[in-house]
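Shared between the two complexes below is chain A, which has chain B as its partner in the first and chain C in the second.
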Partner chain A sequence: MRVPQIRGARAGVLVVAGAAALAPLLVPEVFLNVASRAILFGIVGLSINVLIGYTGQVSLGHAAFVGIGAFGAGFAQTEMVLPFPVALVFAGLTGGVAAVVLGGVALRVRGLYLALVTLAYGIFAQEVIFNIRSLTGGGAGMPAPRPSFATGNLAYAYMCLGLLGVAIAFDRRLTSSRAGRAIQALRDDERVAASWGVNVTAYKLLGFVISGAMAGIAGGLLASVEQIVAPLDFAFTLSLTFLLMAVIGGVGSRAGAVVAGVFVASLPTLLDAAHRNIPFPPFSVLNASFSPLVVALLVLIGFLFFPGGFAEVGRTIAGAVRARAARSRAAAAVAVASDPLIDVSVGEGAHAGA
Partner chain B sequence: MPVLEARDIAIRFGGVQALDGIDFSVDEWEIVGILGPNGAGKTTFFNCVSGFSRPDRGSIHFRGQDITAMRPDERVALGIGRTFQQVGLVRSFTVAENLLAAQHLTAAYTNLSGFVGAPRARARERVMRDRAMTVLEFMGLADLAGETLSGLSYGTLKMVEVAAAIAVDPQVLMLDEPLAGLAPEEATEFGDRLLVMRRELGLAVVIVDHHVPQVLRVADYVYVLNFGSLLAQGSPEEIRVNPAVAEAYMGKEATSVA
Partner chain C sequence: MKAVLDVLVIGLQNGAIYSLVALGLVLVYKATRVLNFAHGEVGTTAAFVAWVLIVGGDTERGALTPGALWWAAIPAVVVGVLLSMGVSTLIGRLRGSSAVTSLVATVAIALLLVATQLGFFRAQARRFPRFVEGSPCLRGAADGTCARELTIGSIVVSWHTLIILAVLGVTSLLLAAFFRTRWGTALLAMAQDPYAAELQGISVRRMTMLAWGMAGALAAIAGILGAGVFNQLTPGLMLGTFLIPGFTAAVLGGITSMAGAAVGGIVLGITVAAANQIVQSLRWNLPGPPHVAVLLVLMAVLLVRPRGLLGKEA
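So, the complex of A and B:
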């Protein structure tokens, strides 16, 4: 019983990966940068999921990590003349350092107070760090060129997609290895984690570092989508979007985090396209500016019906599909055993399963 | 030399002297019981030994080494394992995942090699999975390996917690009310298992519980706490006939045992 299920899951993963690999080819040229942003928001989704979902720490300042990574990558390329891959590593480092500073605070304050501190941190980054002209280029922004092997929009989208794949693989390894288990254990109960020999302080900080480094790398990649970073790109309100992403994706779910990131990033464009092409309500009413409203509504609906977010919706659908498949198999078996008109009955069984 | 020793432990919470001058020791292979009514300071004493509370006075020693200032995880690394009165497990993990997480210290690979899925880390993970199954089989819980915790009874959860504590691979195992929530025959079964555990794993065990008959049955030596002070100590036979213990604190229960 178990083996076919695992096979089914593996086949499902392959289908999704294949579809994702083909998707950029189907996106019109004008929307390719939107697609890149959506892919990168998937990485941001994973990043905030490491912090909120696995480590159990709330963050209202995640845009700061992403922004610091973006400026880090831009600065490394423009001012330090480093090649793109090195600049990306630098972006990850700056994001990680920015997060560990906040993590140090999180060791001392909890819950609502931590949320307020992270909010203050995000505003501080926006108002102070992002306005240091020598680091960020001021209002004009900091150039962040693309690597020579991916200057075109399609090539860049594929590079981002590949790195999203790497991020997903990393996240999988994280949750099934020692460090990920230690981080999740301390999320549930710090004392229990300590009783298993986990250094609670170190692993909480590690959660921040991993989340910050992923956010920083995503930021570095985001910078090169438009090939310039300006302070306004990482306003602290973006942090709220990231937080909502984590919630509608389903806290703690890898797939949910990625889907929610892609969804939230592409929603304004999707709404706009629907607005222009579908001449009846609700699409004729909603345009891109309603995107935050739609996200907010999804969060409210989520809290009412699917507290587990997209992840729970997915599990519910998968469960229903499996149950139907099992029922139709059972119906077919019964039909074969009892009914001489095998064709008709199997047809009905298959129909029930469709 | 005792494996674990506490000297003159005292701790005060606000106006309450939770512990007042406790001397305590556990020898190699020994099962030591701690009895006492609610609020006697048993769990507080556990917390002082495992490092979750810092005593105001006194010192804790592990094989002669003063560990009073050590962090909880450092004490675990030395070999002091424990369970909790409220079930100390990770709710979002399956039974097997709890036992894998509990092998944090024995997972002898670096976090980085875990992240990249290095062969060494993968090989080590296989060993850990086997070990988790061995411990679960030992505790009679092997069927539950893939189960989530939400479907398990309180008594079963307590046993899973003990399994996780064994997976940590301690030299001294401190059990905080492992028998609470168990049916009488389950409690007897656990008592038997404890004796086997000591023999096969070479463990010293400290057990805090209200289940006086079981504690007196399996323990080699018993301490009785009351209001933060030692009321009595001795062999189970001595405790059983100790009039102060029987009358004042154990009531009918101990009298019926005696």
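So, the complex of A and C:
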């Protein structure tokens, strides 16, 4: 019974991947850029999940990494005249450097205090870094053109989707690698990890670098969605939304992080569509500007009823489905058990499944 | 010399608001070990309540009624108290979960309050009054105007600055007196050990409400005075301006020390003003020197002396 279940899970992944691959084709042209943003928020979700879910550090300044990456990509393309892929690598580097600064602080400062520093860092990035005219173009913004092979909205959405796939694959490899396990060991208990020979300093910094680089790349890609970056695109309040996004997804869950990212990015558009088409409350009241309110409410409701976020809701539903399947299988097993020709071990499999 | 006096005046004015914010943050942290990121927005929301009353409910065309802030501040403070108690109830529901959970919850509430303000008032700056406009006049001219205003260094000292300092002074004295009363001692006992306090017959629930309620009043006062500094009110004002300096002041003073919060705010205010003055006089092309100064002070305190100036614990 175990083998078909694994096959089922793999089939599920294939179905999800296939549906995701077809999704941009179904999105109307006007919403393609929203779709690109949603996909890229998925990468941001993975990035913040590395920090919060794997290293266990709370970040209230993630928009700083994303924004620095966005300006990095814009600067590399506009001022240094580098081709898009190189600019994207540059964005990842700047994001990683921006994050490792905080990582250095995190070696000494922990928990709530670290959260405080990251928030101050986010405001510092918004008010200082993003306003250095020579680097960011000031209020007018910095142009960030798309690559020549993906200038169309659909092509760009597919490029982002492909890179989200790469990010997911990277994240999978990370969690099953030595480095990934070391980072997660730090989250659980630094002293125990150190006693097992885990280099606390190096792996903590590595966690920040990986998260910052992913955020920077997502930022570089976000910059080219509208093909211009302005300081207000990455206001520090966006960091708060990112944190809530990670919590909605379920801390530490890869799928949850991506789904929550896609959800948060497309929420304003969804609310707007519902506002225009559904004439009764709550939809008639909520328009796009209420999107942060909905996100915040979801987090609070989630804390009170589903502390595990989307991932837990998903697991609960999956568990219920599996339990029902197990019941029906058990019923079938009872039916077949009376048939001496059929192996009774089917029933055991059903129990293992439940 | 003039520059030093300028720094002192600006530093004292902003520092006093940092202190007021920090006092509320420390009160809540002391009582319930929660870093309340919603504190600033409780203040902004209260300021919006005052503003709605001052413009007579007409949020689009209403004019500021002169002098109305004096009475409008009272319901605003009440709203601040109730809001803060509401936040406390919600956070209390999450008791037993990790410190990070309650932190995320306060962040969610902060965002919720900003979104609510945006929903009602849109992303727009509204003119906000001060208790007393203008500055004290030392010598009147014959035609009724002022010939010489109160000036220290090159800064004309406004009534608003003096009122902020007076409010901080009165608040500090009231708080100091409060912690000598029965209720104040009960609050301190709970801060030390909730379980032991409960055994002594102190209602932890009631004391928690008291601490958060007082913090709400402080947040509202800081919000009204802070909006007055800019002469305008925007959604999310306190979160973007005074909250982080307030936290920094609290950490600088030692996160559980009320006296530290008051001192920390003033020290931070003067430091920030000095940094601003230095950057300007050197003609550096650095945007937002106050934000740089706040971040550097926060990191320096946490890295070098985590227990702050007057703190007893790390």
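Assume the second predicted complex is superposed on the first by the 330 of 354 C-alpha atoms of A that agree within 3 Å, B and C clash if a C-alpha of one lies under 4 Å from a C-alpha of the other, contacts with A are read in each partner's own complex, and residues count from 1 in each chain.
Throughout what follows, a contact is a pair of C-beta atoms (placed from the backbone, for glycine too) under 8 Å apart; a residue touches a chain by one contact, two chains touch by 3 or more.
Note that the structure is a prediction, hence the values are computed from the model and not measured.
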Contacts of A:F290 with chain B and chain C, given as first, second, both or neither: second
Touched partner set for A:V50, first chain B, second chain C, both or neither: neither
Partner, of chain C and chain B, that touches more residues belonging to chain A: C
Partner chain(s) touched by A:G197 [first = chain B, second = chain C, both, neither]: first
Which of chain B and chain C A:A120 touches, first, second, both or neither: second
First (chain B), second (chain C), both or neither touched by A:L40: neither
Contacts of A:L112 with chain B and chain C, given as first, second, both or neither: second
First, second, both or neither for A:D189, with chain B first and chain C second: first
Common interface residues of chain A - those touching chain B in one complex and chain C in the other: none
Chain A - residues contacting chain B, complex: 170, 173-174, 176-182, 184-185, 188-189, 191-200, 206, 252
For the chain B and chain A complex, residues of the former touching the latter: 50-52, 71-73, 76-77, 81-84, 88-93, 97, 100-105, 107, 109, 111, 114-117, 121, 125, 164-165, 168
Sites on chain C touched by chain A in the complex: 35, 37, 90, 93-94, 97, 99-101, 103-105, 107-112, 114-116, 118-119, 122, 236, 239-240, 244, 247-248, 251, 285-288, 291-292, 294-295, 298-299, 302-303, 306
Contact set on chain A toward chain C in their complex: 58, 60, 105, 108-109, 111-113, 115-117, 119-121, 123-124, 127-128, 131-133, 236-237, 240-241, 243-244, 247, 289-293, 295-297, 299-300, 303-304, 307
